[in-house]
Amino acid sequence: MANKRPFTDMLADSMPKLVLAPSFVIMMVCIYGYILWTAALSFTKSRMLPQWDFVGFDQYTKLMANDRWAVSSQNLIIFGGMFILICLVIGITMAILLDQKIRQEGFLRTIYLYPMAISFIVTGTAWKWLLNPSMGIQQIVRDWGYTDFTFDWLVNSEMVVFCLVIAAVWQSSGFVMALFLAGLRGVDQEMIKAAQLDGASLPTVYRRIILPSLKPVFFSAFVILSHIAIKSFDLVTALTGGGPGYSSDLPANFMYAHAFTRSQMGLGAASGMMMLGGVLAILIPYLYSELRGKKQ
Amino acid sequence: MIYTQKTSPIQKLLRVALYAVLIFMAAIYLLPLVVMILNSLKDVEEIRSGNLLALPQDPSLAAWSKAWSSACTGSTCDGIAPFFFNSFKIVIPAVIISTLLGAMNGYVLAMWRFKGSELFFGLLLFGCFIPFQVVLIPMAMTLGWLGLASSASGLILVHVIYGMAFTTLFFRNYYVGLPRELISAAKIDGAGFFLIFWRIVLPLSPPIIVVTVIWQFTQVWNDFLFGVVFSGVDNLPVTVALNNLVNTSFGGKEYNVDMAAALLAALPTILVYVFAGKYFVRGLSAGAVKGA
Amino acid sequence: MNKTKAAIAGLALAVSAVVAQAGEVEVLHYWTSGGEAKSVAVLKDLMTKEGHDWKDFAVAGGAGEAAMTVLKSRAVSGNAPAAAQMKGLDIQEWADLGFLADLDGVAKKAGWDELLPSVVSDIMKFEGKYVAVPVNVHRVNWLWANPEAFKKAGISIPTTWAEMIASGPKLKAAGIIPLAHGGQAWQDATVFEAIALGMGGSEFYNKAFVEHDDATLRSDKMIEIFKMFKATRDLIDADSPGRDWNIATSMVINGTAAMQIMGDWAKGEFTAAGKVPGKDFICAPAPQTEHQYTFNIDSFALFNLKSDEAKEAQNTLARLIMEPTFQEAFNLNKGSIPVRQGMDQTPFDSCAKLSMKDFSETAKTGNLVPSFAHGMATTSAALGAISDVVTNFYNSDQSAEEVVVKLANAIKASM
């Protein structure tokens, strides 16, 4: 009796685990369970609804031979890469500019931040008007007298993917700015003062002290931005509908079309698995090095 | 903030350039909103014949009132107003529950680490990246099995589940930055798990609660895919109504009504950013972005 | 006092619950545009008059893509709607999976077999039993033209594809866009389908798009058709990508464009704008398809439900859809023709009358063909494969010789 711990103590000890348990179960079922389910589905010839006739790697072979899949995965690389890069560059530049004791900072910040509040459906619709050659920016500039001005990316198969980048950057760069601004405010002021007393110039202070200390912010911003890039689906639907042709298709749209509209659920599942595989390949090394680097 | 003492003419010039750049950027960010507001105040003929940036000759709120209460969203023509209530009915519980869950999870992951808790966090982080299109069918099967198909509760559950990863991330990163001594002292004093959370951690949490609530509110309010699939006919959110409205036309597209409806649908989230944006950045500074 | 109040409130609640449950039909559809929404409203009114409750579940977007997603998710969660808009081979697939309700009782009583042409009833039946109820027949191979625009250019409305291409420069010279078109995959397919039918003939069309005969798909004829298809690109303005069909129609209505190739749902836009057929706008069969007819039939499939009230309401819905009152009112709004044969033709306009005449004539000559662009001819997988190839060709510099190989391969891969 004496060496047995009271039940309440044991309960208290395992409380953290108990609290985490529901989330753990949910995660294992609704994220990893569903991923496994999708993986299994990708090896079947499921058409309209899930059916469990296994066909090996057939769906993956079909996917690799599919022209539209090639276009959409290529688009994701271009779109994702440019979107993340431009957002980071704009975000950090604007944050630094805004951190110079600006009057009306709160007002400007709200303007930069508000696009994040808007759904991609609304963003897509608004930019569809602005980018439309006969209504939007092209026409406005021509009305000002520059009749040779051309800005027709939205209807140009080669350039349309950059329209997606424009709209997505418009939406998310303000948020990245806010992240970096918050990071800048957290930098140790003593260190900056000390460096300035030592005669370091402003650019040097930024390069040597401030930017390196923002590394965790880069990490958070990267995770959030890549999350947005991979899930970009509504934007394509609202802005381009995947067109002209299927030149602005992204993998999420490809998967949706095949799994739901075209009764090729097996192929859709295979493309979903390829997307997850891609995320895994890019993200895991990064997450690993970041999380490890922190511990040391 | 960088402190500079003397101001030379060059520095003054730089200041002017700085403001010019900031204002120019603000103009670009505002452009789509301005275009939408301007054109929502025009009539259809003026939009067709005129410049998108031209000021309305005879500003009228007719398009706004039509979008709100009489535009067609299918075979019913009551505008998007009835759907606002549906959206709130879903957003409010979903935000509250997922924030609470995130706070508890973050608290454990930051302050009560155990063997495997880091692995759990890593798995959850990766879970953020699951494309939502993948989960539709298995989720529908699960909800059917739970008896929650086509109900507001089912949709709330879905939003809580897929919002959990981000809310947990926010709270964990914030709590990691809190001083350790606070907690260890309380532990030595014999305070339990919930007491520490309630007495010490929660009172320090408002900044991150603001960030999480804003983030979740925006995500859930703006969702279309889950809303249309899981809500059932009686709980369709405003995004679905907006989608129907902009796809409806009677002998010509009413751009002004479309734009007014889009603005109305976006209004709650924009207001949240405008009024709580200050706390948002403050909350982020307070630690949400430190570490990962 | 309070107890009685509560009891009364409870009773009222219980009563209202019973009333609400009796005969409620939840109808999932994607008719939100122009005449479409009006047409659904007609059905809704009729159901309400019969004492049933109509729950309108409209999901707009991309030829029902979003609606189909909703339907699939609802079906696997064991909570299908009472009725869903569905067409063509999808009906067979759903029935095969055992989701659809048997409508033979209603059909027998109302004599659907006598009222429907067999091309239509074949699509509605699975293993000899009715599982769906047809609403209307759309003709897809229409040419909509603005006579004012042609007068301005001093030419007549083209009757062959070659003439159509030739009309381009003259219309452009008069400042008019020759062909109003929305650059979306299904609209590209709609134009392509009309050219294939006109230049290839009905037999060729069936071989290629119904049977998917490999040799036909790779034939020289097909190359020729693709070349003509590409030639129509010159008739279209640069801003077409992403444009909705009804925006393109409004271009014809207001005279910025001269023609549009589109199914007769476009007529709903003309009439909603107060235009009169034969005077303000012309409806003619698409070039070289005067004696041919590509049909697109809208229908509702009814899902297996458990409760008797719901079944009762479903049967009422099916019966009402086939009754003359609805057939007339609906089709007047939507621009299509009644699927029910032997109806009074007087209320219909000249376009609809022409459609009715051609429908029954082509049925006899074998020139009544299913529209592949609208999912009547082939599975949604094959349709997806074809429209990917077609739309990509239209928007790239692929050669016609290359594209026929792509087409044949893509169809094979979708099987």
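Remarks
Order as written gives the chain letters A, B and C; numbering starts at 1 within each chain.
One rule holds in what follows: a residue touches a chain if its C-beta (ideal position, glycine included) is under 8 Å from a C-beta of that chain, and two chains touch if they have at least 3 such contacts.
It should be emphasised that the depicted structure is a prediction, and the values quoted were computed from it without experimental measurement.
Placing every chain at the mean of its C-alpha atoms, the farthest one from chain A is found to be C. For the interfaces B-C and A-B, the C-beta contact count is higher for A-B. One simple way to say how far apart two chains are is to compare their mean CA positions; for chain B and chain C this gives 38 Å. Computed centre separation for the pair chain A/chain B is 15 angstrom, with centres defined by C-alpha atoms. Those residues of chain A in touch with two or more other chains are numbered 49-50, 256, 260. Within chain C, contacts with two or more other chains are made by residues 61, 69, 72, 76. Taken residue by residue, chain B touches two or more other chains at 136-137, 139, 243, 246, whereas all remaining positions touch fewer.
Chain contact summary for the complex, chain B toward chain C: residues 72-76, 136-137, 139-141, 143-144, 149-150, 228-230, 232-234, 236, 240, 243-244, 246-253. Chain A contributes residues 12, 15-17, 19-20, 23-24, 26-27, 29-35, 37-38, 49-50, 94, 97-102, 106, 108-123, 125-127, 129-130, 135-136, 139-140, 143, 170, 174, 178-179, 181-183, 185-186, 189, 192-193, 196, 202, 205, 216-217, 219-220, 223, 226-227, 230-231, 233-234, 251-252, 255-256, 259-260, 265, 268-269, 272, 275-276, 279-280, 283-284, 287, 290-291, 294 to its touches with chain B in the complex. If you check the complex, the residues on chain C that touch chain A are 61-62, 65, 68-69, 72, 75-76, 90, 93-94, 97, 183-185, 237-242, 379-381, 383-384, 388, 391-396, 406, 413-414. Contact residues of chain B toward chain A in the complex are 1-4, 18-19, 21-22, 25-26, 28-33, 35-36, 39, 51-53, 101, 104-105, 107-109, 112, 114, 117-118, 120, 122-139, 142, 161-162, 164, 168, 173, 192-194, 218, 221-225, 239, 242-243, 246, 255, 258, 262, 265-266, 269-270, 272-274, 277-278, 280-282, 284-292.
Within the complex formed with chain B, the chain C residues making contact are 26, 29, 31-34, 37-38, 40-41, 44, 55-61, 66, 69-70, 72-74, 76-79, 81, 244, 246-247, 250, 253, 269-274.
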